[in-house]
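Alright, structures below, take your time with them.
Two complexes follow with subunit A in common, the first pairing it with subunit B and the second with subunit C.
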Partner chain A sequence: MVIHPDIGSQLVNFCSALLLLTCFAIIAQRRLSACVDLFALQSVFLAVTAALVAFLTGAHHIYIAAALTVVIKAMILPRILKAVIERLNVTRELVLNINIPSSLLVCGALVILAFYITQPIISLGFLLTKDSLAIALAIVLIGFFTMIARKKAVTQVIGFLVIENGLFLGATAAAYGMPLIVELGVFFDVLVAGLIIGIYTHRLQDTFDSVDTTKLTALKE
Partner chain B sequence: MIESVVITFVQAVVILAVSPFIVGLIRKVKARLQCRQGPGWLQPYYDLVKLFRKDVVASTHTSWIFTASPYIIFASTLAAVLLVPIFLSTVPLNFAGDVITVVYLLALGTFFLILAGLDAGSAFGGMGSSREAIVASLTEPAMILSIFAVGLTAGSTNLSTIVHKTALLQGIVTDPPPHLMALAALFIVTLAETGRVPVDNPATHLELTMIHEAMILEYSGRYLALVEWASAMKLLLFLTLISNIFAPWGIATEPEPVWMIFGVAVWLVKVSGLAVLIGVIESMFAKLRLFRVTDFLGLAFILSLLAIIFFYILRG
Partner chain C sequence: MSLDLSWIIHWGLFNVVVLYGIGIFLPFAFYRNAHFQNLVAHGAAMAASIVGVVLGLAGLWAPEPVTFSVLSNLPLLTFQVRVDPLASFFVLIISLAGFAVSQFAMGYVREFENRRSIGALGGLYNAFLLSMTLVILADDGFFFLIVWEIMSLVSYFLVVTEHEKPETRYAGFFYLIMTHVGTAFIIVTYLVFYQQAGSFSFEAFRHPAAPLPEGFRTLAFAAALIGFGTKAGIVPLHVWLPYAHPAAPSHVSALMSGVMIKTAIYGLVRVYFDFLGGTFPWWWGFIVLAIGAVSALLGVMYALMEHDLKSLLAYHSVENIGIILMGIGAGMIFQSYGLSNLAALGLLAGLYHTINHAMFKGLLFLGAGSTLYATHTRNMEEYGGLIRKMPWTAFFFLVGAVSISALPPSNGFVSEWLTFQSLFLSFQIPDVLMKIMLPIGAAMLALTGVLALACFAKAFGISFLAMPRSAHAREAQEVPWAMRIGMAEMALFCVVLGLAPMGVVPMIDRVTAPLTGITIAEKIVSEGGFALVPAPDKGFASISTPVLGLLLIVLVPAALLTAVVIGGRLRKRFYKTWGCGINLKPRMEYTATGFTQPIKQVFDMIYRPTVKLETEMLEESRYFAKRMRFETHIEPVFQKYLYDPVVRVLSLLADRLRVVQAGSLHLYLTYIFLTLIILLLWVR
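== the complex of A and B ==
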């Protein structure tokens, strides 16, 4: 079965737009477990996008990356994060550095910024996934912003993972994916980072009785 | 000419007849999800008939606004409905106004509902009115922008043109990301404008957090029936907007009787599906605190704004 390149390109755009949509949902959400669920959903959308690109381009190694995305980012990492949330007994972000309506406005501005930055690159591109590059950069920027705007360590981890999702989408969009060995390395890194940050969050809770990362700036014997 | 009059008339009758059914359908879905049998399918119709037979009780402190509002609300909602394509992609009245007219006809109804809530001078009415004013002022820009995002693709703000072009597959396939964002925004607007969970709870008269029910607390008899019927029509109008702007396929593009009957059937399936979805959402989510509602509606506004920006950026 062959799909017309235009329609294929639109399908990829559609899936990447879904990814961006979940980013906004994560920003608007205060409940930590819901944020984790949304991240898992975003990873599923990412896997669908990757599988779609694999199907359209015939680059079969992307299928493996898509499968790994589902297993690691949509199943294992959310489990770890949920376990952390359960043990720490924190359910929601109560005090935010930047409140939700302003965060949403900032993220809207970030999306526009991402589009203007990537516009010259996109107009020179010829890949059918080229439009997704802008969305990928927007997701990376929103992930950064989540890490800045939220205080709880768990939300910052989610921000970090969102950045990773954005980078993966960017690699898929700009170059039909990285070589498999690089992808494998990245997945392993993310998994280990997730584990380490989980342990670090526990230590934070033990030392400060809180997972508020601003406490780390205070001096303590 | 006569054909146009007949089609407009049929459209009005269909909306008036189907709107209580949709309200009943949402209640039935919620009841089933709570493992209850729920009231029968015809209950909303019985309620309306009962209310029309009852006498009206009005406080002596009320002015003409209290008496006139139910008629204005009902008439403005019905007028808005006639501008929205339901089973035929080009409504005969499309020369009378575009999507801006629809939005502001609905806003006129909301405005008089707010006035009526204030008019009786009860504490609850005033509270409900001030809350409704917050919600309405936040949903209006999101609603306008989300429909504009689709209008940009179709090259018109006229709902009939938008639906007609989309039904004939001119345009929608070229812009999925803006459409997706606009769809999400319009869905949030629908939940807020029609007083559904998580913004308002339509199932209670006893909460301090109620919005819509607080405003109509003073109404009884045929006035209450008119207000309830108008809000049912408004709900159906929003569901119709969502289904026909974003997925109008199946709608009749020519005024052929066979296709129009088919169009009604397809439309019924689509709006019923959306009604079931709303019932499920109402069962799954808790009502938001009033001060969190702005976050939720802010999301709708940002999404609709992004939809428009996406359009210009993807077009280069």
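== the complex of A and C ==
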């Protein structure tokens, strides 16, 4: 089956847009378990996008990356995070650094910024995934913003993972994915990071009776 | 012949690195046996030093400089070494001193055996020697800076060996800051060369594609003077030296004070005479000379007031670096007036004093280390009478003291005499100002020499003569043989350097010849080789230390003989010194403070002493004192008026900056985020 390049490009853009949409959903969501679910959903969308790219370009190693994305990011990491949430009994993000409507506005601005920044690069590009680069950058920025705007350590972990998703999408969009060995390395890193941050959250809870990272200020001399 | 020398140099380079490498790493293999670690570390250092001596001698006599390089993967960096006469001379200094000091260390570090890891101490010691050797040999700016930094850091770790003492930690911290400030200026120097040469290779520095503009040359001159001057300890950048050098273990102090500060002299000569091609305006040399004169005078004056034996020696390093710089500065002045003969003479005097100072300062620090080993205190007021307990140490210390005081026929005398001659010969300069200024420099040098003599009369007299002033001194014992042999070697080097100037001068002439373009050895050394004649055509002055030494040997017995003949037979009678009917006690002795009191009075403008005298009278009568308390301090002028204000401004700025460091994770994330966005917008 051969798909017309234009249609393929449209499909990739559509899937990328879904990723971006889940980002906004994560920002708008107060309930932590829902955030984790949304992250899992985003990872599934990412896997679909990657598979789509693999199918369209014939770069088969991306299939493996897509499969790994499903296994690690959509299944294992959400489990770990949910276990953390359950054990610590933190269900909701009650106090925010920046409230939800403002956050959404800022995220909108970040998306515009991402498109503005990548525009000269995209206009030079020739890959069918080139438009996704802007979306990838937007996702990275929103992930970063999540880490700043939310106080609970769990949400920050999600922000971190969203950044990683954005980078993965960016790599796929800009260069049809990184070499497989690099992808494997990155997956391993993410998994380890997830574990470490899980432990760190526990320690935070033990030390301060809270997973509010603003309490870390107390560590200052 | 030339082929053989080149082979020896390659063999030497390889073996020096390998042997020091063994000394660095092998001790850790025997972590159970501290005694064995000691033997391995210092044995390797001694072997490497012997190879270093061979390498230095071969390099001095090699007709062509030998280069050897290993490419690295990093951009701009090449591990290139070059063995030319200048480098060889300094390698010779390091290795000679390293040999004797390693010998000494074998005995000395046993003091630390139960308190410290001997493996770490010995390994760092070897690393220190290796890094100094590589600093000298490096032929690439980047490589030089790397080994320079390693040298500084390793010496820092050695300084803080006894880190449980707060004053040691303070000394180390002070040293770390100063050495990094210095390194920053050296980097500036090299960047100035780099921007014209397009490469960090010293060969490119020597022959830049386009000649450096005048402003950049001046910048390179000033930055090198400050950068290397910090390491050398010129006034006013000397303040770290009296803290850091005494704090280190004594054998390391000997290397730091005797050898490490010489790497800075090497750097200055390398930059001024080699990279800048030896062409500079007269005022460069004048500045170097003036800084040298001030350092020499202030160094010895502060040394006089110091009662901590090792601090006293450290201040003397400031003095001697000043004397070395006076020679080099005079050479630079002559060079800019085209008087190559005299330029070579000044430079030769400076380099001669460099090797002399390495030996006698090394010897004196080893002597101070021995007294510290025996008495466990550095305070001279607690010594006294050590000559009876430790005759060997006393003798070697005396040799060092005579040398540093520049008494004929010692080695210090030869090089200071040569410096004097080059300063007096300034009447050949056409400029009137210089004709006046250089003899003034000579006058300051003379004053320095006299004060140094006073200082060592005090250091030796208070420490070794009279009666013990404390229990420490009473219970002192002679140090182990390893330490005595180490000191004996150093003393031997001193004596040879003093009695055989006709051998040393041609050797240093091989160093100065490529730098000044003229060889003067044949002119200086008189026919037959027994005297030095700096200006043969002027019939100015000449000196011969072997003859002086011979005279001394002949005249002393002659004088004794005369005394016996004229005064009749001497009758020996053992009895107490007459003390006005009172029993003599150590409390009646001259103290170090008392000894220097007249000098303190004379120069009170410089010392600004504060004296506090509290007398507690008996209740019954106010004519009888129950207790008296005397305190005197001299004002640390440079710290108070130069360093403290800088530190105050810095901490004020740091306080302002603390606002940024709120300790909030989110704030830090925001910083990163904003930086990212700004950068993204900027590159667009």
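To be clear about the criterion, the second predicted complex is superposed on the first by the 218 of 221 C-alpha atoms of A that agree within 3 Å, B and C clash if a C-alpha of one lies under 4 Å from a C-alpha of the other, contacts with A are read in each partner's own complex, and residues count from 1 in each chain.
Criterion: contacts are C-beta pairs under 8 Å (C-beta built on N, C-alpha and C of every residue); 3 or more make two chains touch, one makes a residue touch a chain.
Bear in mind the structure is a predicted one, so any value in this text is a computation, not a measurement.
> Looking at A:A54, would you say it contacts subunit B, subunit C, both, or neither? Reply first, second, both or neither.
It touches nothing on subunit B or subunit C.
> Thinking of the overlay built on chain A, is A:L38 touched by subunit B (first), by subunit C (second), by both, or by neither?
Neither: A:L38 stays clear of subunit B and subunit C.
> A:M147 contacts which: subunit B (first), subunit C (second), both, neither?
It touches subunit C, and subunit B stays clear.
> Thinking of the overlay built on chain A, is A:L204 touched by subunit B (first), by subunit C (second), by both, or by neither?
So A:L204 meets neither subunit B nor subunit C here.
> Using the superposition on chain A described above, determine whether A:L169 touches subunit B (first), subunit C (second), both, or neither.
neither
> Of subunit B and subunit C, which one touches more residues of subunit A?
After superposition, B is the partner touching more of subunit A.
> Pick one for A:F24: touches subunit B only (first), subunit C only (second), both, or neither.
Only subunit B; A:F24 stays clear of subunit C.
> Across the complex, what residues on subunit B touch subunit A?
For this pair, the touching residues of subunit B are 173-174, 176-177, 180-181, 184, 294-296, 298-299, 301-303, 305-306, 309-310, 313-314, 316.
> Under the stated contact criterion, what part of subunit C meets subunit A in this complex?
661-666, 669-670, 672-673, 676-677, 680-681, 684
> What residues of subunit A sit close enough to touch subunit C in their complex?
Subunit A residues touching subunit C: 97, 113, 116-117, 120, 137, 141, 144-145, 147-148, 151, 213-214, 216-217, 219-220.
> Subunit B touches which residues of subunit A in the complex?
7, 10-11, 13-14, 16-18, 20-21, 24-25, 28, 100-101, 104-105, 107-108, 111-112, 115, 119, 123, 131, 134-135
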